[in-house]
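What follows is a short report on a single structure.
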Amino acid sequence: MPISLGDLASRFGCELIGDPDALVSDVASLQNAGPKSLSFLSGSAYLTELPKTKAAAVILRKQDAASCPVNAFLSEQPYAMYARMAAIVCPEPVLPPGIHASAIIASSAIVAPSAHIAANVVISDRVRVGENTAIGAGSVIGPDCELGRDCHLVANVTLVKRVKIANHCVIHPGVVIGADGFGNAMTPEGWVKVPQLGGVIIGNDVEIGANTTIDCGAIGDTVIDDGVRLDNLVMIAHNVKVGAHTALAGMTGIAGSTTIGKRCMFAGQGGAVGHITICDDVIVAAKSFISKDITEPGTYAASFPAENAKSWAKQVARFRRLGSLIDRVKKLEK
Amino acid sequence: MPISLGDLASRFGCELIGDPDALVSDVASLQNAGPKSLSFLSGSAYLTELPKTKAAAVILRKQDAASCPVNAFLSEQPYAMYARMAAIVCPEPVLPPGIHASAIIASSAIVAPSAHIAANVVISDRVRVGENTAIGAGSVIGPDCELGRDCHLVANVTLVKRVKIANHCVIHPGVVIGADGFGNAMTPEGWVKVPQLGGVIIGNDVEIGANTTIDCGAIGDTVIDDGVRLDNLVMIAHNVKVGAHTALAGMTGIAGSTTIGKRCMFAGQGGAVGHITICDDVIVAAKSFISKDITEPGTYAASFPAENAKSWAKQVARFRRLGSLIDRVKKLEK
Amino acid sequence: MPISLGDLASRFGCELIGDPDALVSDVASLQNAGPKSLSFLSGSAYLTELPKTKAAAVILRKQDAASCPVNAFLSEQPYAMYARMAAIVCPEPVLPPGIHASAIIASSAIVAPSAHIAANVVISDRVRVGENTAIGAGSVIGPDCELGRDCHLVANVTLVKRVKIANHCVIHPGVVIGADGFGNAMTPEGWVKVPQLGGVIIGNDVEIGANTTIDCGAIGDTVIDDGVRLDNLVMIAHNVKVGAHTALAGMTGIAGSTTIGKRCMFAGQGGAVGHITICDDVIVAAKSFISKDITEPGTYAASFPAENAKSWAKQVARFRRLGSLIDRVKKLEK
């Protein structure tokens, strides 16, 4: 829906250089922007595109404004400002209140009148669904789950049991929350399953990517704090605690009973072993895993970037001869 | 449901020191236990909590009994004993026999009268479902699948085709069993799909974690033996054999036609390449992968725990200069 | 269905040595083949099985024909020829045209009369489904998706929004295409979600494995080109481009905005960081990840195969002392 630059400027308290009556109706990259597009420049990587852009307006830092050939929004955080304005220019479709005729809802469940329950949703005993929350098609909500207001379970989401989700959360398809953790006691006759009796508690403004799994606690709960972002195919084991505003990129796995601090970031395919504590403000590099408590904020890494396979094979061979190399140096020292 | 310590003691043949008439109705950690809680002490990590616990009873080893301020169950395997007692104190809800009105069941399928078929389940041609087996909401059971007795498919499980599951298995949401394996023949015109014509055979007492996938065999079957435990987001490729009582932790991947022995354990994000054989009693460390046959039981590893990223970068640089270091040592030796 | 060797030979223009009237009705390995089985020998690994096989016919290279005790098809690509013949000998079951009574289809959707829409499928607004395309039970097709002809969504597939799939594609259960990418702008108050406004474009003859996820673009589309093969539990982030005939094995993850060339292959648990370009004909070894642009075709690696954990621990300790070893060599050189 077309909105004027002046409206956007006043809504977000953002300085506008240019025509407040100009309209935007979509968003685009600097290169692909048309005369109704809102665009942004957040780093220097695309600076050369700026003078050529045909956007209606560009969100950028003050120091880049001189090179901007079109209307400019000035912001110290152009990417965040873009995120907020884009949500207005290209709003999510509104899902109407009501329960689809095919949805199956336990009589003990309480669903807010403003909630949207889509086709083939199954809602079990004692579930509560808050105001304006939307549950997408094919989702299964098991017993004793609670969903706050303004949440969106996109489709085919499974909340198994005892999952409490606060407000403004987005849960993408294929996510499974509250399945049994991997609790097994070894005996001479084989594994004995350890009952998984806890739940999962998820804070406000959490987003959970497609096909991610979060297990219920064994005793006590698994906890995902406010503002956490989990990407796709992430695994959160039983009794893990993820601190507020922490972001875990795709395919990261956190083993059981580990506690992660606030504002941490794991790059893709990262991991952490179980039963450790990672402090606030820790960054973990791609494909790296944390094996013990981390008490100092900072960046941690343990992965090798790929190189030519033949030269890598030589490197591995040299690595394997390190012991004999050390011996040779010892001999030389004598 | 409250149960007396005496009942638990006699049911499991477990020695009780204390009041046989005392009741437990929940389970808890030593620290959080209340006067009706059953708790346990399995290692030394929580020994300092023992004297302060308010539990009704604690399951522990004989040597720890002296420090126990409350009733004590003596067991050489306190964690396994806890697992068994917890299943009695906090039993799974019973799912009533019957087929939900919304379930869609092929006329050639045979469903035992005691089976529980939940809402929106789809059961295809020639499927058999055994006594007391429960199939949770949204699950799809493809043609020619067989489920034994006392199995539980929690919800949104997909058995694609030709999947045979024995008795007492638990399959968590999002699991896909029997999808086509990754069989592709390269030609100058691109990949040609190789038909995947086998099935999947799963033994007794197997548990499979959320969003795990097990592919059907290309020719012949993929086999998961009795007592195997697969965590979440595990991948089992076509024609893999997993031996009895082996446990694969989260995000482990086993490539095609590999055979894993009995009682093996893979830690998280582990892996094995295809077409190899791993003997019984092999343990694989976190994020490590097996590249060739393993014939000796034992522990195998190949991962670096993360360290400070700057010091790691220096290590990687030193690693890359290993060749020149070896040359320098050679020169010194001359 | 039984088919004569002569029929197969003429259908595929394949030279037959032996009886054209002999029939095959199944496929099997050389070892397990019976008198109606079609088998193949593609490498030298199973050459010793050839003289003992009881197959009706074996597809093999000319140079192996002398050792073949039964009818022989001669092909320079025996595995690809097997793939094509097996699809005739053991055809996929035909899914009849029509829409199951339980399917829920938006009035603005257009479904071809020859399409097969299974039980509990949900099809949203403005969706188009092409001729002979089959959508399996429990699948959810979100708004503005388009499916070409002869596609097969096996079951429980989720296309979220704006997903365009061309012809002859196979999508396995649990796949999620078009979910929001992991777009978050950091602010002092926490993460702000960046609206994900693009779509996903998938070419012809693409196969996508179980529980794989492909996110929609942030601005612009995520693109999977013709003939691409994605295995299970693969993650394709927003705005990735995967070139034609590229194959990504299980658990591979490609981070946002990365472009992969044609005919690339990633082994299992591989990866690539975001915002890089990988040229055509690149092979990436198991568990390895690409951290920067690749401009030369070839094989790239960066993983260590697992070894005995004690010897590995010693290697890691030696690796950690590399700095002091370098210092010692420096001292010796002085």
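In order of appearance the chains are A, B and C, and numbering begins at 1 in each one.
Everything that follows uses one rule, which is that contacts are C-beta pairs under 8 Å (C-beta built on N, C-alpha and C of every residue); 3 or more make two chains touch, one makes a residue touch a chain.
Because the structure is predicted, anything quoted here is derived from the model rather than measured.
Chemist: Given a C-alpha superposition of chain A onto chain C, how large is the rotation in degrees, taken in steps of 5?
Modeler: In degrees, rounded to 5: 120.
Chemist: Same or different for chain A and chain B, where same means more than half of the interface numbers show up on both copies?
Modeler: different
Chemist: I'd like to verify one number: the distance from the centre of chain A to the centre of chain B, where each centre is the average of its C-alpha atoms, in whole angstrom.
Modeler: 26
Chemist: Find every residue in chain A that makes contact with two or more other chains and list them.
Modeler: Residues 102, 120, 138, 156, 174, 211, 233, 251, 269, 303-304, 319, 322, 325, 329, 332 of chain A each touch two or more of the other chains.
Chemist: Along chain B, where are the residues that touch chain C in the complex?
Modeler: Going by the criterion above, the answer is residues 102, 104, 120, 122, 138, 140, 142-143, 156, 158, 160, 174, 176, 179-180, 182-187, 190-195, 197, 211, 213, 215, 219-220, 233, 235, 237, 251, 253, 255, 269, 271, 273, 283-285, 288-292, 298-304, 314-315, 318-319, 321-322, 325, 328-329, 332.
Chemist: Which positions of chain B touch chain A when the two form their complex?
Modeler: It is residues 27-29, 32, 77, 79-80, 82-84, 86-87, 90, 92-93, 100, 102, 118-120, 136-138, 154-156, 170, 172-174, 205, 207, 209-211, 226-227, 229, 231-233, 244-245, 247, 249-251, 267-269, 286-287, 303-310, 312-313, 316, 319-320, 322-323, 325-326, 329, 332-333 of chain B that touch chain A.
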